[in-house]
Amino acid sequence: MILVNYIVSICLIALGLYVMCSKRELIKIVIGMGIMDYGINMLIVSIGFHENGTAPIYTLADIINGNLSFFVDPIPQALTLTSIVIGACVDAMALSLVIMIKRRYKTTDADEVRRLKG
Amino acid sequence: MFPFAKKAVSNLFKKPSTVRFPEVESPAKPAYRGRIVYDAEKCVNCGMCIKVCSPGAITRTVEEVEGGEKITYDINLTSCTFCGTCQDFCGTKAISLSDDYHMVAEDPKDLIVSGSRIKEKVAGRVTLKQEDCVYCGLCARTCPENAITVDRATKTWKINYKECVQCGQCISKCPKKALSFQEPKAQGVINGGDCVFCTLCSKKCPVGALTVDRAGKTWEIDRSVCIKCGLCVSSCPKHTLVMGDVDDNTPARFEKSAAPVKSAPAPAAPAKEAPAAPAKEAPASGNAPKTPENALKTVPAAPVADSPTKAQKSAVSVNKAAAAAAPVLSGLIPQAENSWDTGVVLGPDCIYCGLCMRKCPMEAITVDRASKSWQIDREKCVWCGICVSGCPKKTLKIDALSAETAKEAAVPEAPAPEKNAEAASQAKAVPAAAATGVVFGEGCIYCGACAGACPVGAISVDGSEWSIDRDACIQCGACVGTCPMGVLSIGPLE
Amino acid sequence: MPEFVSNLLNILLVALHVLVFPGLLFAAVGGLLLAGIDRKVLARMQRRVGPPIVQPFYDFFKLMGKETIIPAAARPGIYQAAPIIGMVSLSLMMLFFPIFGHSAAFATKADLIVILYLLTIPAVALIIGGSASGSPFAGVGISREMVVMLGYELPLVMVLLTVAKKVGGDTMTFALEDIAVWQLANGSLLFHWSMIPAAIAFLLIIPAEVGTQPFDVAEAETEICEGPLIEYSGAPLAIFKLNTAMKMFVMTALFQVLFLGGIDLGKYWLLGGAVLFVISAVLTVLCMTFIHAITARLKVEHLFKFYWTVVAGLALVSLVLVWFGL
Amino acid sequence: MIQFYEHFPVISVMGLFLAAFLVEIFGNKNKTIRYGISLIACLAAAAMTLYLIIPVFRDGKIISYWMGGWAPEGGYAFGIGYEIDGLGLFFGILTSITFLMSVIFSKRYMERDAHLGHYYTLFLMLAGSVLGLVFTGDVFNLFIMIEIMTFAAVALTAFRHGKHPEALEGAFKYLVLGSIGSSLTLLGVALLYLSTHTLNMAQISALLSSQGFKPTTLFAFAMMLSGLAVKSFVVPFHTPAADAYATAPASVSTLFSGMVNKAGIYGMIRLTYILFRVMDRESVMLLLALIGALTMFVGVTMALAQHDFKRLLAFHSISQIGYVLMSVGLGSVLGLYGGLFHALNHTLFKGLLFLTAGAVYYATGTTNLDKLGGLAKRMPATTACFLVGAFAISGIPPFNGFASKWLIYQAAYEKAVQSGNFVYVIITITALLVSVMTLASFIKVTSAAFLGQQPASLKEVKEVPFSMQLPMFIMSALCLICGLLYRPVLTYLVGPAVSAAMDPSAYIDTMMGSGYAITHGVLPSSMGFAMISAWDPRFWLLLFIIVTCAVTLVAVSDARTRGPVSLPQPGETDAKHATFFGGEKSTHSHVSGSDLFWGFKKDLKGYFHVIGDLHSGRTNDYALWVVLGVTVIMLFTFIFLS
Amino acid sequence: MFKKLIAESMTKSPWIYHVNTGSCNGCDIELVACLTPRYDVERYGFKLAGTPRHADIVVVSGPITSQSKDRLIRTLEQVPNPHCVVTIGSCPQSGNVFKGSYSVEAPLEKFCEVDVAIAGCTPKPEAIIEGLYKAAQILKKKREAMQ
């Protein structure tokens, strides 16, 4: 059912973009960023997935038995891990900025946080 | 754009339309008003050009030289508007505007046109042989200085010698040869004896030659200051001052009674100094004439007239102080030395029309029609009699003052309220009972004099219609007295 | 040492080229004469006598003799250097033009694009100098000067690209020498009918570049007191006036290079070239004078619109025609 | 045998990161320590990067470096590899110059701010990340570096939020859009991994060449192109750039324009020329050239409407990046030369301009053009440097901006003539026109801020300290040198980068072992390069100086014949030297920047209104721009590339 | 050589700056008439300058109203040397019909040295040409005196 993964991740990315484009609330924009991130992470994990694959870990028994079976690609998982960390950082940063904006602008409405324009 | 293009190209092959001026002389158009030419020999020094020149570009200098006066005219082209009025007004065509327009100079002094001639001294001054005069007014119109005034209606001919420059234009213009240069006779003001010491004359005197002491009842003239203008003569309400020939023996002082002169005569010092001060200032102002003679001529009348008035006032206030010391105002019987023994006395027929108030030169009378009160300020009153002669009801007269009248006058608030009210009711009753009023007779010319004279504005004259508002009319008779045709009278109404 | 001598001679030759012919002196004298002719002919078109043809020389020398007042608000260095920078860059432009068989002194050192940008230096010098004078009138003037520049730059670019395509064909060239050679082989560009709109556009650009009526909004003396030049007096002003004249000269020369290079004079190239140069320069200036004589000053927004519609349209017509090989 | 210099790339990158942590640990209190660490790290990194010129540019070597010695095994690359070819080093040099100048400038410029420890930490992280980005040979590493770069850049943008709350807004927009860009890049990387199962750039390039384009690959291409386009701030992804550049401290803006958007451009060149090798396709050329032309036009017109010095410079940054992208997108050698040279020049003059803007801010406390005026009298050195930068960016000969623009015009028109596509003619005209508009907007800054009349509030302004002038002087000198000696610069600096971009086979061979490229069908390509025409700025300048000297000599020798020069008395205001106001007493009257170019703005007011309204400042709108841009790029890719 | 040339040029290219100090416009119109094809002073290099910085000859018309006095003096200060002051018409010389008014400050001599006075109300264009020509000669003298 790998196709479902792809479809859902693409939907998540699209949803994230939609939220960023349409929601005026800054926190929601940040949430949109998060949703998009998760969609991509899901996509990457799905890329490495193999039907009936095992965890990419050799045990001593496997080597001794010569039972080197088919395992999922470990690299995408490593990528995902990194990406999640980065995504968390970015979200934290964004939220801290939103807090500061709320403090200085007294609002978190994107319609009013637009002193820089034109 | 195409027409422009066509024009530009066609112009390129045409001769330029430029006037090549400095190389080729370009004459001015006919009637161009350019550089002024002044012919000093034709000039009679009448000064008309100076008078008519609006920017004041022409100045005249008169110097005393041997054999007469050197008269110089400077026409400053840098101040001229080239209007040509001087040319038009010059009686002898001594000034004319040429068509020369090259009026360019590095030094503006080069742009002053000047000319001078020596004018012989003329003995005497313009004098009228009255019997020959027909009061045609030609002389007045000719006079460049407007020194002569002629009134045909009253048959008067006056000349202001201060203005006269002795140009002789009037003499040459006079059709009857009634004018001539003559040595003047000494003239002066003579007091005829009816003087009431009203001080009007001294107020009118422009040079402060007259000193009148009302308290001391003296009238004095300083003949050295007097300029014989005649203003005092015309202002005298008693017509007692006349202009006549005087000599050294003619008295300069007139006294009526032996009443002691309490105050000192008005100081004459400021009057004497007055002419000197402006004379010093005169050269400072832009175009003021520079010779002493001119300075005298242009002495403004105001400061001279002013200082004696002040002096007079100070004298009056001294009088007042003296009067305040006396017990007059405390309402006691007048004493011999009191000056208020005579005065205007109101008779019983008063209709409170206010004519006397308006006529009084000293503004001593106050009439209030509403409260039917008539008051006189004895301090101000000079018993000149103008109110008496002007009274339509002939109820005012100059008489010795009784103690009551003096008191009434001194304390105008004195009349009791009930008396006032009684008087008012009487006054109201009068028109209703008598039913008299202004009667309009035949012969009216609708001149409107009556309307102008009416103190209450009851009469209106419009075209050939005469109407009167009976309710407003107070039957003062002012209209009757004013009517030039004598068609109005006060009588019973039908 | 003969090598040393020849080097020295070369240096002298370069100096002669730069300072006398066809550099500074030639451009200055030629420019002032052209300006004089312009004024004279303009006067005649208006049925006036007009000043003598050497009048610009008188103006120049008079201004040289006048006092130079440096305003308190000005920055003296920039204020005085600006006119000289403009003059020098203009005088160098003539070195790159091959004219009527005379090959340019330094043809290989610059091309059309360089010329386009070198032409902006005098304008920028004027703008910077005017701005340095600190007057608000100058501020308005430089703003207008810049808008005029924005206006004529678009059609000018199009004209240059048209020429490059026409001359270079499928290999296109920006080199001035190539343009001259091509024209000698194929006839002047002006006589190729597809180039005529571009030539007209270029002729309309010259007045704006030089700043004469109706495109003199930047130096409108009656409304903004000569704009950038308002505070200038004396020698710097003289040099700015000289710059205007030299710009006229350079633009007429550029017109010849771009559109009239195809007249082959054979062995009479020296004299004939000179005569032809004079004739064509005067004719080019006459076109300018003619436009001056029949128009009044445009508003700056009209000017901008004019250049971006009419003139750019003309240039575009040529560009499209040339693009399709006509 | 590994040469000692082969360690330099990774040392310089890691050194910067290490220094960042050291600053955070030791430098929060002591300003000498933190600045010392930062300066030493920057100097060392710059020195090492510049040293690499010798092997890479002179000897033509390509340095490959495998982290932990994880060399490819069996034709498959597993480890993270650094690979420094001419292209990477070229951008590395730009980066080094930029952060070196900026760190020198920062010393005095930032002295009035608090929390400088954090500033230098972020600064060094930004520098390290960009350096790592251009040196890396691994796509995922590229993504990581992009993320670090975005993160540091956003934090630096918001650094001055205390005084300027707008900085928060700019940072937030930058973060949102930057994260979209990063996500798109990550998506591309993931899809690329899906189709090639490797993350090494050299191997990807070889494998893609042998296996051809699948829809996944195309999708990956579109995603990565969009992601990198967001990072390089081309239209329609440019909006956060204007906000962030304008509100960040000027030293950081210098980094942004000198490194951050260059990193994006580097990524796009790497992507199109080496990774996907699609630059032989007309459609990609057209796409990039059109985006470039649109970018430069929108950037410059927006710049014309700005009132703020730094925001104006930000839009010019966008515009100049448009030049670079357009030229690179032409796909010709000449275009690549022009584009890369312009990238170099842009780093120099835009860095210089941001530094002068910083100097103005330091001296006056504002960058609002309507409040400035007459600074030339008070800040002569800054003004001179600004004029050099302004002339350079406007393409006035003989400065460097002209040389590169000249190449770009030639390349664009050559492309137009050779391809017969009229669109390129329009692009050429746009490029030429944008140059004049650039001049116009810098004239606006010159007359509004530096020349004209001084407001009373600026009478006490002082010139900035020498440590701030020094980087400006160096940048100015480099601007002039690159303009005058453009041929040597092209040959020795830009040339290797161009050959590296045009010939990926060497790159692949160095990384994956020789012969790998040929087996996967990547053939070495030859470089044909001929400039269409000539321009010798040295000669021109020489003549210019000769004539100027001659004129000056005449002027000086004949000073008595000329009229006298009447200088104003200092401190006094007399009528003679006062500004002429038609006889009125001269008062302060200054034509501010927004009042200039009236006729132009009136005639194009329709356009200006629309474009002004489009830059609404709303984060959602900007996100929408990005989504639309990505959609267009994706559609274009699928329609024309498959 | 250049000294002579410059001095000679002074007479050949005088630029005019015109100040109206409350004139009735009569003189102003006549001055402009000088520039028309009919009189065409440009024959002698005369030109109207837009700013006093460019001017050689300052032409003053009008009676120097007190409002314009300061402006006039300031403008005259800003003219570079050598320069001439020329008055057109009677007003600046004397105040003409306005003299004595509280708001008129004529004559101009009070404030500066007047080099040439052109009389007339208004002068004919020919007279103006004559005056300007004279001023141009004075310019040359001033230039020689400056040396």
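Odds and ends about this structure:
The letters A, B, C, D and E name the chains in turn, as written, and every chain counts its residues from 1.
Convention: contacts are C-beta pairs under 8 Å (C-beta built on N, C-alpha and C of every residue); 3 or more make two chains touch, one makes a residue touch a chain.
Keep in mind the model is a prediction, meaning the values are calculated, not measured.
Considering every other chain in turn, the ones in contact with both chain A and chain E prove to be D. Counted by C-beta pairs in contact, the busier of D-E and C-E is C-E. Between chain A and chain B the centroid-to-centroid distance comes to 111 Å (mean Cα coordinates, whole Å).
Distance between chain B and chain E, defined via averaged C-alpha coordinates, is recorded as 49 Å. Rounded to a whole number, the gap between the C-alpha centres of chain B and chain D is 95 angstrom. Inter-chain spacing, taken between the CA centroids of chain A and chain D, is 30 Å. For chain A, the set of residues touching two or more other chains is empty. With touch defined as above, residues shared between interfaces to two or more other chains in chain C number as follows: 43, 46-50, 64-69, 137, 225, 230-231, 234. Within chain E, contacts with two or more other chains are made by residues 2, 6, 37, 40, 43, 51, 53, 78, 80-81. Chain pairs recorded as touching, per the definition above, are A-D, B-C, B-E, C-D, C-E, D-E.
The part of chain A that touches chain D in the complex is made up of residues 13, 16-17, 20-24, 26, 29-30, 33, 36-37, 40, 43-44, 47, 73, 75-76, 79, 82-83, 86, 89-90, 93-94, 97-98, 100-101, 104-105, 110-111, 113-118.
Of all residues in chain D, those touching chain A in their complex are 140, 144, 147, 150-151, 154-155, 158, 161, 165-166, 168-173, 175-176, 179-180, 182-183, 186-187, 189-191, 193-194, 197, 199, 242-243, 246-247, 305, 311, 612, 615-620, 623-624, 627.
The residues of chain B lying in touch with chain E in their complex are 16-22, 26, 28, 32, 34, 54-57, 76-83, 101-108, 111, 286. Interface residues of chain D facing chain C in the complex, by the touch rule stated above, are 374, 376-377, 380, 383, 387, 391, 394-397, 402, 406, 409-410, 413-414, 417-418, 422, 425, 428-429, 432-433, 436-437, 439-440, 443, 446-447, 451-454, 532-536, 539-540, 543-544, 546-548, 550-552, 555, 561-568, 573-574, 576-580, 582, 586, 589-591, 595-600, 602-603. The residues of chain C lying in touch with chain E in their complex are 39, 43, 46-52, 55, 57-62, 64-69, 137, 220-222, 224-226, 229-234, 237.
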